[in-house]
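Input: a single structure, listed below in structure tokens.
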Amino acid sequence: MIIQKQQYTNLHADLQRTVPEHQEKFTFRKLMRTQNIGTILILVLLFAACSLTTETFFKFNNIMNITRQVSMVGIMACGVTFVIISGSLDLSIGQIYMLTSIVACKLTHVNILLAILLPIAAGALCGLLNGVLVGYFRLHPLITTMGTQSIFLALGYALSEGHPIRAAENEFFRQIGQGNILGCIPVPSLIFALIVAFTWFLLKKTTYGRKVYLVGGNPEAARFSGFSFVKVTMINYIFAGALAGLSGIVVCSRMMSGVPSMGTGYEFQVMTAVILGGVSFSGGKGSIFGTLIGMLIVGVLNNSYIQWGIPSSVQYFFQGVIFIIAVVLDTMHERKLGLVS
Amino acid sequence: MKKKQKLLLWLSDNSIFFLLSIILVLAALVGKSFYTKANLMLLLKETSLYGIIAIGITFVLLLGFTDMSIGPQVSMFSVIAILASQRFGLASMVLSCVLLSIISGLLNGLLVSKVHVVPFITTLGTMTVFKGIALILAGGKPIASSLLTVYDIYTYELLGVPISIVVFLIFLIIAAYLLYFTKFGLQVYACGGNLESAKAAGINTDRITIICYLLSAFCASCAGAFYASRMGVGSPVLGDNYTLPVIASCVIGGIRSTGGKGNFVKTFCGVLFMQIIYNLMAMSGFDAYTQYFVIGVVILGVLFLDKYTEKVQKINLAQE
Amino acid sequence: MKNNQYILEVNGVDKSFPGVKALSQVSLRVRSGEVMGIVGENGAGKSTLIKVLTGIHQRDSGSVRIDGKEVRFQSTQDALDRGVVCIYQEINIVPLLDVGKNIFLHNLPMKFRRLDRKVMYQKTRRILEDLEMNISERELAGNLSIAQQQMIEIARAISRDARIIIMDEPTSSLSEKEVRILFRVIRSLKEKGITFLFVSHKIDEIKEITDHITIFRDGCTIAELDTKTAQVDQIIHHMIGRTIENYYNKLPSIIGNVVLKVENFSGKRFKDVSFEVRSGEVLGFFGLVGAGRSEIMRAIFGVDPHFKGNVVMTGRQINIQSPKDAIHYGIGLVPEDRKHEGLVLNLSVMINTTMASLQSIQYMGVINSKKERNEVLQYKNNLQIKTPDIKQLVANLSGGNQQKVVVAKWLMNAPKVLILDEPTRGIDVGTKAEIYSLISKLAKLGVAIIIVSSELPELMGLCDRIMTVYEGRITGVLNVNETTDAEVLSYALGGLNVR
Amino acid sequence: MKKFLALVLSFILLLSLLASCSGKGETPVTKNSSSTVAAKDGKKTIAYITPDSRSPFPVKYSSAWKEECSKRDWEAVILDGAGDAAKQLSLIESLVAQKVDMICVTPIDSTAIGSGLKIAYDAGIPTMTVNADCDEAFHKYTIGYIGTPNFTFGYRSGECMAEALGNKPDKNIIICSLHDGFQASMDIVDGFKQAIKDKCGNVNYLDEQPGKSDKAISQALMEDWIVKYGDKIDAVFGADDTVAVGCINALKANNMLGKVIVVGAGGDGDGLPAIKNGEMYGTTYQSAAAEVSLVFENIELYFAGKPLQKEEEWKMELPIITKDNVDGYEPAY
């Protein structure tokens, strides 16, 4: 016998007392309830401070500079957001970025199309390795990606023999990293924007994004609802790797060269952005919007160092303090809202 | 039968001992001059320096937490040690470090326990802060000590055994004692095993957390002082690449990163294992990138072995 | 010990959290050496009172006296010092430590500042013997059964020489047999003059073990009854303010043809299990905890692997490798452990509700959020899920409502077969009733339902047939109308005549 | 119990290791015994410890090293300091343990290396500092120093810059250094400033930030500087050609190339083309190959028992490369 779906929904029709759905009014309190309000405030404050104290900051081309500068790390951050939300970690991302940019540089001498496609594939491949190790074999993410990190580093050397690799001249390829749309909007920023839009859609609107959250929030429950931790984790790593590949291409075309020394330390920049975006390593929390905010904070900070002429040794301290303040704000805010179980 | 299983279980639980024996045999075959007194001595000295850091972080790992700021702490304290030695002479090197380690330890501990920030995130933040402080104190470049006696601490020998090894052993024994014989030790295991129930059992988990971070900062400071005395220089970038290897050695040694499992024998073996790898690498005469490759592969291999033994364990438990 | 003297007096205690008034003018008085039952629906304020008594929360006003002396606990430690111990529903043992250490975690026997293992294990041995438990004091607590772990907690309480032991839902995860042991222990401790506050939803247990009953509703103490004279419906009436006419309202349903057929199914913890469920039928699985009931269901649902045997669904044989397949064939499983297997606690009600049926609300992988929202709201209203907003985190819901979310999750998937594993564990009477009626309504609809439970009355009330499981084998198939509790129990305890 | 067993086991292991090392190695060999080591067979083992194999110049240096060794069919041992001054020390110690014939090292830190040199000295193994030198205090432990100090290196670039500025004072200069907390980076910049001071008198340094020898970073920095200082900028010094070219990219994008003078250091495959097409004014050329061959000449001298060349004999000239003479040079790396 076939049971209509309606019948399930109306089971309790008899004792149905409609519980009033309280109205979604936009009030200041509601605003204060939005997630990672802490980081947003910090961004706004930083922005205001820079604009007020220096006349050079709040200029169109400076803002464009910031967006361009964050784009490369930002593209990676979008991918890593997926990985971290699903409860894993990726320290090897910086090396993937380096490796792929070298691959891109080498390929420009062969064929531009390959130079654009293969690095992404290569990045995905590196991601696959991580994914298999962490997802399928359930190895410890931190240590595993630390291991793969040094492996990718080695591959980078093997490819470049430790020397800088120069890209072949090609106008189209050059445009990817250095061109402007409408003469004012940098192509990297545009790519970054597109990636943000795409990943945001993927994470918020699609079933896949839902799976990522569920697997991150509670793998066991996800399994009981028919989602596999292994699959999601592997796809996430591959996706992150591919995006690293993309940003590798961008940087390659921006610099027209690649060196094995350039990836180091990027993983921490990426993680800083993602964490500022409000992910928690217990998994199941975080958003692309947050990551974007985090990335912008990093960008504005770096810009402000120059604007205010802060010596480099002080910058670390400064950044660290900002980071801690942001994180503490978020944590307290969430506890207040009872968002932490 | 049951006895046999129990033994198997224990063995699979302590896979690091196999690893160690295997690598020691390999070393004999590969490393031309591995089993020379000088080299073994060097190996132990390296182990002792890394080991001192590892001891500290083991406490944190046993809680199921982590401390990404350990490396920058080492460099920060190496700088502080040199500054102190120039101001107040040799004795103040270690002293000032130990005193100041209280602050850095408290910072981590309080943020994690009282403010409830996720440990990994907290220490990622403090990592940057400590690096900043180191750079500011050192004025952005390594600072050399003016007095030549600065080397004496590291080169001092007790009955022909370098002081760093002696200190390391003393720390190891004290730590093992703390963990095995005292209330504190058991409480650490309890918190690591299950923080909530530990709380419910009336343990002051915040206190334990803070103490553990203090201990890890303390060990970092001692290591920092040793490095400073070894080089006669306080370098603000020295420890940047120490954090992950140290954590890795602990995990490889068998400290369960989710906490509650492991002991200092394992930490020691883990660190020794990694150091032997590095030592063999140095002798092998591979190019830099081959070395990176090998080390990466070794780490993954060890993780695999751990996973495997875990499986064996699970099966046994099921059979029991 | 003078029996008229009150060991614990709570007078007019108020406690309010931002937004809610959890306790208002709560009072209760307990004589030393008696068992006071505390009943009430979830959110009635029982757990808040416990937290106040154990020093986790501080009361706003009112007084708490122990032996007539006013006390105000700032921390759990204070409470422990005064001999007030609480054993919570969630087992609080450290799985990686052995039994002895677990028991003496808080007050380890020390000998010149060193942990004195010898003494510790001796003491442990003695306590375990008192509790008639034959387990090694060096066994890892993680390897024990839930019941044993609970005993460990009681042992811990004793080792703290507690005078007032508060038990929150102690029997929720115990099988019949283990409950007996627990009660025997409680009685013997009672003789020793230890006082119990016994919080439970199971009225029959309350009737059996307690001397007096205090009833909570909406943060107030409604009544204190003498157990001997109190009537069950009277208690329930007090609890929910209304009387539930026939508790398990079983509706007559048309039992159709076989939907799910399982043939000599074997797995890790069970062997040669064969049974069948018909559409509109409610099939009960009864047995001791650890008899392998849940394992069977997990295997059918594809969570655990099965070695041999096959599953036939509406006539055609199906091969279930993972829950994904099971869901695809229209099977749903409301798991035993809600928090870990059923829900993602720090995600919203909406996401949790739709998580098993994303297929139905998506188009080419894109979620239709409007549709999703509407469907969820429907279920929220139908199942009376009490939450201000479907964006609310599930973690902030009461146990009953959480369970409703899990049920809703499967209803959305329009299952042909719905398996419920301990569906009413730790759920208050009101919600229980709702879930019962829900079940029979589903049956009426023609859904084949399998209920796994260790509460015999529940099964007797709801099911058409009951299968008894003993050590991984089906020991009996009984028709509810032609059987008695005694018979079912005897089969469940290993009586062997299989039809 | 088992835990305790493990404890005991590992302590036995540890003690046995200790016992085998007690007395700390053999009695120090005197320096001249190195010749006897040489005598045992013609094949020598020459070790080189890089500052950090992750950056191009040391890599070039090591490959040159290998070539020179294979010419003389000696054995080359190349170890990576990985930017860690402490690691360099332990590497020296392990080389001592391997009893190589000669240890050459490019110190990451001139002071930190000292104790390592002393150890080698005590063990009777000759050491030589190459490319960068150690402090005076430790010269007594080494057989000498060959190379081009980072300070001079920077100084030459400074001279080049001064020439470009027409030795006029009061110019606005921006410096893009390499890494925080590394001596090499500091020395180059100090040398540069010294030269400017000598040639131009006092100038005005707008800002100084680390480019981390990463083009992406230095380019980002330059973009910000352009926004901040705009036309004020007269000249930019990149502490190596990589960062210099990074800055050039930024300038090009804001078409300020003509207005701003850029000077780099190193003369690598990034820098020379930039000079050729007039984007970069000039750079200092540092040839790894030439330096290494010079090093090996002196090593041979040492093994022959002769004194090393005096500094004024080998004095490596660091050619300044500008548009005029650029065609005469191959990229240094």
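The first chain written gets the first letter, and so on, giving A, B, C and D; residue counts start at 1 in each chain.
One rule holds for everything that comes next: a residue touches a chain if its C-beta (ideal position, glycine included) is under 8 Å from a C-beta of that chain, and two chains touch if they have at least 3 such contacts.
Please read these numbers as outputs of a predicted model, since none were measured by experiment.
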item	value
Partner chains that subunit B and subunit D have in common	A
Contact-richer chain pair (by C-beta pairs counted) among A-B and A-D	A-B
Geometric centre distance via CA averages, subunit B-subunit A, whole Å	31
Approximate Å spacing (C-alpha centroids) for the pair subunit C, subunit D	70
Distance between chain centroids, defined by C-alpha means - subunit A, subunit D (Å)	36
Distance between chain centroids, defined by C-alpha means - subunit B, subunit C (Å)	44
Residues of subunit A engaged with two or more neighbouring chains	162, 282, 311-313, 316, 340
Shared interface positions of subunit D, touching two or more other chains	53-54, 180
Where subunit B touches two or more other chains, by residue	135, 138, 140, 180, 236, 287-289
Which pairs of chains touch, using the document's own definition	A-B, A-C, A-D, B-C, B-D
Contact footprint of subunit A on subunit D as seen in their complex	53-56, 59-60, 180, 207-210, 213-216, 219-221, 223-225, 227-228, 230, 242, 246, 249, 253, 268-270, 333
Residue numbers on subunit D that touch subunit B, as the complex places them	2-3, 6-7, 9-10, 13-14, 17-18, 20-26, 50, 53-54, 62, 77-80, 82-86, 89-91, 93-99, 109-112, 114-115, 123, 135, 137, 179-183, 185-186
Complex contact set, residues of subunit C against subunit A	256, 279, 301, 303, 322-324, 326-328, 333, 335, 340-347, 351, 355-356, 358-360, 362, 365-367, 369, 375, 377-386, 388-389, 393, 395-396, 409, 411-412, 414, 416, 434, 438, 441-442, 445-447
In the complex, subunit A residues that touch subunit D	54, 56-57, 59, 61-62, 65, 68-69, 72, 161-164, 166, 178, 251, 254-255, 257, 259-262, 264, 302-303, 305-307, 309, 311-313, 316
Residue numbers on subunit B that touch subunit A, as the complex places them	66, 111, 115-118, 120-122, 124-133, 135-136, 138-140, 236, 244, 247-248, 251-252, 257, 287-290, 292-293, 295-297, 299-300, 303-304, 307
